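Since the structure comes first, as structure tokens, the remarks are kept for the end.
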Amino acid sequence: MLFIYTITSIVISLSILFAKKNTLTKVLSVVFIIAQISLSFIAFLRIGEVDSLYFKFDALGILLGFVLSILSVATFYHSTLYLKRHEFSRRQEAIYYSSLVMLIASMMNAYFAENVALLWVCIEATTLFITILIFHERTKEALEATWKYLFISSVGVAIAFIGILFLSMAANSTGITNLSYENLLSVANQMNTNWLKVAFILILAGYSVKLSLFPLYAAAIDAKTIAPSPINALMSTALVNVAFVAIFRTFIIISQTSTMAWAQNILIITGVVSIFIATIQLTRIQRLKRMYAFSSMKHVGVIAIGLAVGGLGYYAAILHLIFHSFVKASIYYQVGAIRQFFKTGWIKDTGNYFKLNPVGGLALILCEISVLSIPPSGLFVSEFLTFKAIIMSGHLYIAIFLFLLLTVIIYVFSKNTYHLLFAEAPVDIDYDKIKTVPYESASQFILLFLVIYLGISPPQFFTDLIYAATAILN
Amino acid sequence: MDIIFFKIAIILTFVLFFLPKQFQYYWGLFLHISIISISSIWAVQSLFSDVQSLSFPFILFFGEPLHIEIDKLSAFFLLVINFTVLTGALYAKGYLIPYFNKKNKIELALHYFSFLWLHISMLLVVMFRDALAFLIIWELMSISSFLLVIFESEKKETIKIGIKYLVQMHIGAVFIMIAFILAFVRSGGEFSFDGLAVYFESHNPFLLFLIFFIGFGIKAGFIPLHSWLPHAHPAAPSHVSGVMSGVMIKMGIYGILRVLTYIHHDLFDIGLFILIISLISGVLGVSLAIVQHDVKKLLAYHSIENIGIIGIGIGLGVIGVAKNIPVLAVLGFAGGILHVLNHSLFKSLLFYTAGSVYRQTHTRNIEQLGGLIKKMPKTALFFLLGALAISGLPPFNGFISEFFIYAGMFKSLHSAGLYTDIILLFSFSGLVLIGGLAIFCFTKVFSIIFLGTPRSNKVAQATEVEPGMIFPNFLIGFMIILIGFAPMLLVKPLASIVSIFTIDTTPIQQIIPTLNGISISSGIFIVLIGIVWILRAWQQKKQIIKQGNTWGCGYTGANPALHQYTATSYADNFGQLSSHLVNIKKEYKEFKENEVFPKEKSFETHSSDIFEDYLILTPANHFYSRLKKMGVLQTGKIQHYLLYSLLFLIVIYLLTILNWI
Amino acid sequence: MISFLCILITALFFAGIISKVKAKIGARKMPSILQPLYDVIRLFKKGAIYSPTISIIFKMAPPIYFASIILASFFIPLFDEKGVLSFDGDFVFFAYLLALGKFMMIIAAMDTGSGFEGMGANREALYSMLVEPAFFIIMGSLALFTNNTSFQELYYNLHLGTDLSLIIGIASIYILVYIAMVENSRMPVDDPKTHLELTMVHEVMILDNSGFDLALMNIAAWLKFAIYGTLISNFMIQSFWPLYFKIIAFLIIQASFASLVGLLESFRARNKMDKNPQWIIMLSSIAVIIFLTTLIITNKIILN
Amino acid sequence: MTYLLIILYAITLVYFALSERVKKFIWILSIQGAILFGVVLFSLNKIELFDFLFILLETILVKSIVIPWFLNKVRKHNNLKREHEPYVPVFFSLIMVVLILLISFVLSNYLNNSQMRAQYFTVAIASVLFGIYFIITHKNIFSHVVGYLIIENGIFLLTLAVGSVNPLMVNLAVLLDVFMGVLVLGIFINHIGDTFSSVKSEHLSKLKDN
């Protein structure tokens, strides 16, 4: 199934690349979206089955696949808006769409990849396409951001590759040559723990570049400052999920061995450090997008800790991941609308957005409340569960420390967001250039209300899927 | 059945955003009234029936049905909330007229929406028992009130204050959350209020109660947790400050009471703790109020004072339970709970009238007002009513609740032990002092705003507000006088509420003759006034009534406003007494000897809240700047970015080698 | 009812006695003891002058003030004769009633928009606020002593048998005397005979009152004295005395109280204005001592 | 024989630390490519022929000819002469190299296992670590690329050390190589060289918080 999907997406992207008419591009994108959605439904129906040799429709993949499908619809819509607002050459637009298609396709593959090496390849592919998309605006800053991201993530992926080498070595010593997670899991407890440790730490450090988690978070932050907002929306949600999948699957293998406790400590350390760094950097940020970039870092830190403390934490972590995807995506869509009012991304040059674009302002307020994981946002529920898990696992002091940091984050966020919303507007807005319509913000409202709904009373199949994903852990 | 309507009303709030400006208010009012009627029916059912509590499923929450429970306590709070919100909603119409053109459709809709949701969330706060649902709705309450506070968003100051408010509310919620989780983890009861009972049975309650108290106390505004309150209330529009100060801060009291219902041992130190904090809040709150020039800020400090009075009642009640002195327990709790109602009445009245003054004169600085009673007689009289009531003077409601507390204290003096007696000594002297200071403060604020002659031309164009803004004051005034004259009506419901905290509620029956005595005396008082007034009128009819200027020591040159007393000078002799508490700074230039023709001199006084300065602001700023100093990691250099990962790997390697993780 | 009548009667002569004593000591020609009464009657015959700045408050205040004093006097028992009104905790009502009267007086003074009256008003407010606790603490100690909470019961069950309890009685009388002085803004706090507005407290507040209002004020002042006099006398009069004896004792005590006021006024100098607060707080601290003594008597503190 | 090659490889690392001229970097890189070719030739002959040839070709062509040639072209294009003062003095770098070699010895002992060839492993790890160190200590993004390529070679060696049994890994390493070589060098260095008229990384640190 995935094989067909991949082929189709490659064909679509190529034909978009060489398409002469915009209408054709639109049609093809619609076709792709349909393929995308249908794939996630098929995956849901054929849950647990192995697909085209190296893939498997497992619960986590399905959940994230659905998330990606929903986001890709919105992303395509907002991409059209984004491209409308700036004058780009047809060529650039074509490149944009085709690499967007390929990006989504490779991420989809990554979710379902059932083989360590294959997953690694998919992630490498995402690097390639996301790089092209980051570079889309062709400015000096874009070039810098792209270079940093490309370089750092190549190093990261290389490090991850070393990790995978060690994993394979550990597997070889038990006589396994095919590196499918199934096999690795089956022999996990016979593996040499030292090798596993090295493998895990390297994979974590390597993929942290995509996860925007400490240690290799920094390049992604700079990239998100520049990338087009629809791309940001994918980059800090679906791409994060990809890296999460990679680490989660490795973690599952570890969890079957005596190395578990060690790995959990590592995760706690990285999580806490990430949140701490995010906080101290947030006190200094001056650009809007950087603020949201660091907030993703904070959320990923929470997820890591949730994964580390275990028990309720596993459920909370995945819940948090999904909710964060929706919320952060909707924020970046809104940012796209904001950018056309104000020349620069610097917060000090913005203001009075609530008057300029009331509906958007409303959406932004809701976004802000949600991303700060204040009720009714579902993020509150997941974060609450995480903290419950932390305290239940006896790390009360970590919880208190985190609460302190989160308070600071709330302060910083409110300060900047309400400056954007209510401070007096900059003088140099040319209103005739702005083409904004209220229903642009509809997508955000839908996503955010979805988060609220899933947070307050999640439907049965949803919880079942999450439990299925974490079943092996407890 | 009616639960369906309740839900529908909640859903219909979203319609606001699609309505045109001029219908939004009426839609909001309609929803308010429907919610009020439904929930009040529940409350009355629960309060005046002898069942323990009403309970029915509300929504599906994580698969299981989420019940709402209305026992006597909840019912009481429901009624208080509903009444105040009703008056607030009525008052809002007039108050918001000036903003109608300034604000766009969405902004207004958001305002009404938040007001509705403040109402709904407060109702649900007192009805939910499940901890998570409670936390969610608790935060919703904070958010909606925050959105209401920043309504006048044009002002930079407002936003600052709003953020301060939001952050502090979040801290409070975090404390509550931690408390719940700790109780859950330590005892493994169900994750709800009822689960607390399991914890309290087996553990010493003080620590957990302390955490809860901090969490709820921030909302309630006990000193030193109060620092959001004197800023948020002035910043908010007046109908909002009325509701916030009238009922929202009482949600903190509700929380404390709710937690207390589950504690049945080691109560003494808890009671003592509450009492001490409350006495401090009461005395300091009113002292700080006296030196304010901003009328709404002044009223905000009075909210702190009244929270203190409520706390005194509750604390004494708890001590009564602990020491097994039924009369103290019953009257203490009854007084405290009754004062919740009373304060919600006169405080909202004061805020509404102050709001009307602000709307007509566009200033909250009382130094610029004066003589308004001639321009706005009705407003002035209602403010006077509120002032008399909040000063706890008979024959108004404020006196009744304070009287309950006094009665409890004096009746139990003899039977109580030594330490309790000393505690009581301090309590009633403190309560007396608070009452006296309140009188001092309200003679000042009333006479400076409404009496004498105008101190600035802002007063000149002021006119009486339209009847729409007076009407809610009539409702409140009626309640104030009713409670003042017929307190015995409240005995039965109060008894049923107090029975939650202490089993033996017979002492409240003893107080009925006393209450009758009070009502009779009040009646006689009115009659006496009437008689004297008639005599006076009759006497003056025969005499010539002349007009002459106020006696100015024979000096009739300048206009009287010049040598009229100001708020500053009125508060000065008190300020000298308590200069360390309220630290007033004076800014002025001395006259020099050689100054033959002195130039224009100016005199300013500022008072700042020492608790806010030294307990909240200084540490917070220090912490924040520290963090800021640390935030240098994002250098933009690839080398550094890689360096982090290398260091990370090395550190982990070492830690692993050394077996530290 | 008797008590009320007694208070009323004694009130009429109170001011007279005071001024007589003062004149005597000042070696001046003494006016008739009824002189104040004549003044009031003359006032009743007069019209009034009102400033253009004043409002309804100014006119409402005197009647309310007067009514509050009258009603307050209803609560006062005379030995075992209970007052017109009596219920548990009526002394709380009593105190707050006086406070209400004072509230009205103060805002009336502020209503005239005169600097002097403002000054007087705010001094009055401060002092009466500070003196409240002393009164409550005394009543508290009596309540602790007798386990009752209404004036009537308090005095009825007040048996000053032991020497310790005698201390209570004496100290209470001492404090009540001074409370009366403060409440009526007499000597150590305020000098009614001063001619400088800047140093007045009570007198300056009623500068603008005239005619009927002023008359009410004066009568109210006498009543207040009489009320406190009654409170004091209740400490001394023993309940086993025969009625006529009681009444005589009562009249003597009231007279001596009045002359005591006169003596104080003529011999004691007025406090410095900014010394007044701590002087008043001193009263409360003495009251606290009474409370502690009561604790000893009721064997809650065991001294040996 | 392989021992000799390994030791040679280690020596190249030392030379990297020693040299400051960009030209020299390129030379050493191609030498490393040649060494790897030798290593493959002597060690990897168990696997089936096709893979064997493919890897051989990759090493000799890509590693030791194409990439150095490409780098050289870039170097001319941006006329880079010498690495401007690195962050740390050379002799310190030399000490670091020695330290890194020691660390990797320790590590390979710590993880010793019959599956892997310790001698490769040691040098491979050393190479990776040194690559990262190299990037950290150089300011010039051209040198960053060089450092990355050092890491690449290290990984390749690592695959030989551990992945000899399944060539899939080796091929992946090759793929990584090609991908990076083509994409990074091909597109960006030129772009950056043109846009910023220099490849000093100072120009590339505008995006930051301050």
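The first chain written gets the first letter, and so on, giving A, B, C and D; residue counts start at 1 in each chain.
Here, a contact is a pair of C-beta atoms (placed from the backbone, for glycine too) under 8 Å apart; a residue touches a chain by one contact, two chains touch by 3 or more.
All of these numbers come straight from a predicted model, not from anything done at the bench.
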Separation of subunit C from subunit D in touching-chain steps, minimised, is 2
Which pair wins on C-beta contacts, A-D or B-D? A-D
Between the Cα centroids of subunit A and subunit C the separation in whole angstrom comes to 79
Averaging only over C-alpha atoms, locate the centres of subunit A and subunit D and give their separation in whole Å. 31
Between subunit B and subunit D, the Cα-mean centres are separated in Å by 69
Between subunit B and subunit C, the Cα-mean centres are separated in Å by 36
If a residue has to touch 2 or more other chains to count, which residues of subunit C qualify? none
Of all residues in subunit A, which are in touch with two or more distinct other chains? 148, 151, 155, 222, 281, 284
Considering subunit D alone, which of its residues make contact with at least two other chains? 110, 132, 135, 141, 144, 204-209
Looking only at which chains touch which, which shape fits best: line, ring, star, complete or other? other
Can you name the residues of subunit D that touch subunit A in the complex? 110-111, 113-116, 128, 132, 135, 141, 144, 148, 151-152, 155, 158-159, 162-163, 165-166, 168-169, 172-173, 175-176, 179-180, 183-184, 188, 191-192, 195-196, 203-210
The subunit B residues in contact with subunit C across the complex are 370-371, 373-374, 377, 384, 388, 391-394, 399, 403, 406-407, 409-411, 413-415, 417-418, 421, 424-425, 428-429, 432-433, 435-437, 439-440, 442-444, 446-448, 450-453, 510-511, 513-514, 516-518, 520-521, 524-525, 528-529, 531-533, 535-536, 539-540, 543-553, 560-561, 563-565, 569-570, 573-574, 576-577
Which subunit A residues qualify as touching subunit D in the complex? 117, 120-121, 124, 128, 131, 140-141, 143-148, 150-151, 154-155, 157-158, 161-162, 164-166, 168-169, 172-173, 177, 179, 192, 194-195, 198, 222, 225-226, 281, 284-286, 290
Residue ranges of subunit A in contact with subunit B within the complex: 148, 151-152, 155-156, 159, 197, 201-202, 205, 208, 214-216, 218-219, 221-222, 262, 265-266, 269, 277, 279-284, 354-355, 358-359, 361-362, 365, 369, 374-376, 380-381, 384, 387-388, 391-392, 396, 399-400, 403, 407-408, 410-411, 414-415, 418-419, 421-423, 456-458, 460, 463
So in the complex, the part of subunit D that touches subunit B is made up of which residues? 87, 110, 129, 132-133, 135-139, 141, 144, 201, 204-209
